[in-house]
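Encoded as structure tokens, here's the structure I'll be asking about.
Here the chain labels run A, B and C in written order, and each chain numbers its own residues starting at 1.
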Amino acid sequence: MTDRSDGPQATRGDGKSAARGASPEPQPTTPPAKGAQGPTPRMALWFLLPALILLGAMVIYPIIFSIFRSFFDSAGDTFVGADNYTAIFTDASMLTTIRNNLIWVVIAPILVTTIGLIFAVLTERIKWATAFKLIVFMPMAVSLMASGVIFRLVYEQDPDKGVANAVITSVGDVFDSSQGYPGARPRENDAAPALENGAVVTRQPIQAGQPALLPLVGLKPDLLPADAVTAKAVTGPGVGGTVWLDFAPGGGGAVGKIDDNEKGMPGVTVEAVQQGAVKGTTTTAADGSFTFAGLPAGDYVMRLPQSNFTASFGGVSWLGPTLITPAIIGAFIWVWAGFAMVLIAAGLAAIPRDALEAARIDGATEWQVFRKITVPLLSPVLVVVFVTMIINTLKVFDLVFVIAPGSVQPQANVIALEMWRVSFGGGGNQGLGSALSIFLLVLVLPFMIINIRRFRREQQ
Amino acid sequence: MRKAKALAVVAGLSIVTAACGGADPAEPAPAANGASSAPAAKTLEGVTLEVAAKWTGEEQTNFEAVLKAFQDKTGAKVTYASTGEDTGAYLGPRIQGGNPPDIAILPQPGLVQQYAEQKALKPLASEVQAEIDKNYTPYWKELGSADGQVYGVLVKAAHKSLIWYRAPAFEEAGVQPPTDWATLLTAAQTVADSGTPPFSFCGASGWTLTDLFENVYLSTAGPENYDKLSKHEIPWTDASVTTALEKMAEITGKKEFVLGGSSTALQTEFPACVTKVYGEKKAAMIIEADFVAASASESGAKVGEDAKFFPFPKAGETEPVVLGGDIAVALKESKGAMALLQYLASAEGGAVWAKLPGYLSPNRNVPATTYPSPVTQQLAQTIIDAGESVRYDMSDLAPSAFGGTDGKGEWKYLQDFLRDPSDIKGIQEKLESEATKAWKK
Amino acid sequence: MMATATVERTVANSAGAPKRGVLGRVIDRLGGGFLQALLIVVALFWLMPTLGLLIVSIRGETFNNSSGWWTAFTQPAQLTLANYSDLLATGFTSSFWNTIAITVPATLLVIGIAAMAGYAFAWIEFPGRDAVFLVVVALLVVPIQIALIPIAKLYGSLNIFGSIPGVVLFHVAFGLPFAIFLLRNFFAGIPKELLEAARMDGAGEWKIFATVVFPLAKPAIASLGIFQFLWVWNDLLVALVFADTDNQPMTKALQSQMRQFGTNVDILAPGAFLSLIIPLVLFFAFQRYFVQGMMAGSVK
């Protein structure tokens, strides 16, 4: 909404074709203005003057100025030819920026238009269509700045705060809930058990009557379950041992030894492994001890499988470098789907019923009617929505600026934002900034030409 | 650029102050120690001046108290204009429009170079230079210079060679504040073993990473190399940079050392990382400057009890003291502007300011005892003691496209390094290529 | 007239009296209940982000730091207006008034200037009229980025850089192409008999403009007004460049808090909510005109 390009004004020029689809009435053409005592051309000048001055000084002059400025260096006194433009297309981070704009232009308009179409079609069938439309349309009134704040909250990484991850993790937890001790690990020294593919294993095989010690650290003592009691060494004849938290609050205590103030870790799954095959499985008691009943004599490696230590699914890193652009596009869809829906619904409403009825009488299925009649009749509106969205995506600025955290700004960058950053936000290079703004202008040029052509066609 | 800092500095130390009995910030505090403070005639009656700086809130109030002292002394009328967070963005168009403020206080020396090149700065009058020679080490004088011409006065400093820790977390793990790199690593390991991730990084705020790098680099490579790298006289592919990055990876590269892992750290802005240590009590240490105190006490920690700091331990030969700071420059030729700069550079002006909370002076003739709290006094003393070997924040010395822009240069590649510390060489090459570009401009 | 009629008809339809529609029967197969449920989910999905913002803005800071806003449903004790009173104590109110001081003149000026120009384009014959209007059409899609650097320089020399008039002027200039386009097309739809009768009566152009055309154009002006209002109210980029700290609107004030997102939610959320409440009220009050404006843009 911030950008002037938003919304209808961009569509206006393209509106002609939409009109054909949406309003069957004859359109008023340019009015003949010859009255009885027609006003003089000089009169027109007075009416036009304020607008012409403003447009001339603040829109047209800047275009010309920027073209010149783009051929000079950052200080503005040295002519550098096309260097600034070369920089746009050679700099690695600038290429990422252009690539992002490409992703935006390819994906966002299609999604917005499709979703708008689906909503428009579906709402035809419900009684509370007006309410639904208002809800979906409402984000149009919200500034992109505020939308940015909103989606920063939605995409918060911590599932306790960000609603997106809260939903995802709670769905995930249904299938895979975590118990155990995420984060617990052996100490880093040669005597401690080793880590193998996430499982903790004893370095030496043990035999019956030779209790295994499996000290673990990296876990806060208060995260132990309430039933955990002081760790105890096993003194039986069988194969067994102790899994315990080898860290006493306040430090002290001997490394790798069971001290009085160290607690056992109950509920840990332990496997006895012989030559790669699991021969027995058991679980530790409240004092961390375990014994295998009925294992044949021999050498066994004790293994605590990874399942003891897997953290629960922490959610998706929406604002990380990989997903940032899709995440922002999600926010964009939230903002613009209502716009698409309302325009398309208007187009839909204007489709002559008899054409559809005739087709149905001819035995066409609903899908065929939709594909062969509705969509073609709607296509002018769809094009309008689509083109408007393309222009909007080219100029997207606020959402990226606000949603992407500082460290992923490079991965989320887009041209309109880079232009601001380069010229005002610390870059201090207005030569390059001007080149970028010209580049942006060139990108929207095709739509400018389309607008002019449509308008001229209409004039005839 | 340093969004968080500005606010934080003052508030932070003011809390320290308050805890220690404090000074009355409203008191104009006429300086006791300047010969220049004789009840001279108000020589600047009728002169009006505009000073622009990024400070807001309490920081602005304090600075205005200093300006007030100057007005009372000279009769000049000084107005304060806030530049907002981005001083460069504020000044650029005003300079180009030919209507700059009389004096601007720049958050980075890089801007001094930039504006000197645009011929937007006025050279300091000889009285001001004399004042600088009297009160500052040559290093500081050079910082305010471009092409051999002196333009600026460093008026305010931030101490960046500190590691803050949460005392209860250290007690729980049974460790003492480390004194060198090796004990820092063992302490971190022990804290990690106790179940608390030792470090909380603000990876989303690129400057916190450059601060860390600078401490390690100054420490391992020494002040001379530090100066060379600051000026890009040695390349970023230099072996000394490799060493520093390897050292840095010893703490940033270990999964259990970084709260939430690197991906969370990279989404954490300053001061959220401080909140995670002192508010949510999820980690034990945070490597940042004196102004952490503000956020720590905002999170409910008592500075000096729960929130303590130790000097950044030396990772090599040198005890690092890295400072940040703000530099005052004149953008218009006027007698009033030079008089105000001279006042700011003097021990008299510095002492007025030092009595207020949240201020550290780089002026060696502002005695540590001037400061209102023991913590600030201690910080000020380390600066005075370090004398010639104090260094200025390297990233702030660089062109801002390299040292101070989101998504560019040092910020970006140190973030990449935090994300994946395995490819030191690749990171160095990218840094070098960006540096070459930035210095060429 | 016809244009309005068309618009209103389409809007009436689109605003959705239920009717056995085009694809009705396709959807019948999905089952009415399923469809209802699906759309309810979608509507909730669309509401949720804003709802979340509202709740975060009225939750205590400590709760926001430790748990999700949805827990407030089960523990209403978390709710407080403290964030709002804190926010108002920070001087956020001045940015609120700045937003008003920028938005209101920028909207009124665009309407006035564009109405005059639109009238000239629609009803006064002059050489090169179509060509000039083509230029206006061409300017519709010009990105505002192009003007940032040159206008910053221009404002510097005019000494209005950073000031509210500077921001207003920029918004007016870049609002004009759309406004002129919209109004010119609307004016063109006014029956020429009305104007000719007035001219016969000897009324001057100014009088016709003021007493005949302008009153007839109320719906179009309302549409334009609400659009322009929302654009300006919601702008960040122009404010970022042209408004200094004393004159900054809410969007810029919020943006400057954004870098400390993790610890600033208690300021950002109420700020963002305050900034969107007025546009939202306007939107609901005038949504008919809003939709009309949009249609007029595309369906004209």
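The criterion applied here is as follows: a contact is a pair of C-beta atoms (placed from the backbone, for glycine too) under 8 Å apart; a residue touches a chain by one contact, two chains touch by 3 or more.
Quick caveat: nothing in here was measured; it's all calculated off a predicted structure.
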item	value
Chain labels contacting chain A and also chain B	C
Most centrally placed chain, judged by C-alpha centres	A
Most distant chain from chain A by Cα centroid	B
Leader among chain pairs (count of C-beta contacts)	A-C
Distance between the centres, which are taken as Cα means, of chain B and chain A, whole angstrom	35
Chain centre separation (chain A, chain C; CA means) in Å	25
For chain B paired with chain C, centre-to-centre distance based on mean C-alpha positions, whole Å	42
Per-residue multi-chain contacts in chain A, two or more chains	405-406, 424
For chain B, residues that touch 2 or more chains besides their own	89, 92, 205, 269
For chain C, residues that touch 2 or more chains besides their own	66, 152-153, 241, 259, 261
Residues of chain A defined as touching chain B within the complex	73-75, 91, 93, 157, 183, 185, 187-188, 217-221, 223, 247, 249-252, 317, 319-321, 405-410, 413, 421, 424-429
Contact footprint of chain B on chain C as seen in their complex	65-66, 152-153, 155-159, 161-162, 241, 244-246, 248, 256, 259-263
Interface residues, chain B side, partner chain C - complex	3-4, 56, 81-85, 89-90, 92-99, 205, 268-275, 279-280, 295, 298
Chain A-facing residues of chain B, complex	1, 86, 88-89, 92, 114, 117-118, 171-175, 189-190, 192-196, 203-206, 256, 263-264, 266-267, 269, 400-401, 404-408, 411-412, 415, 419, 437, 441
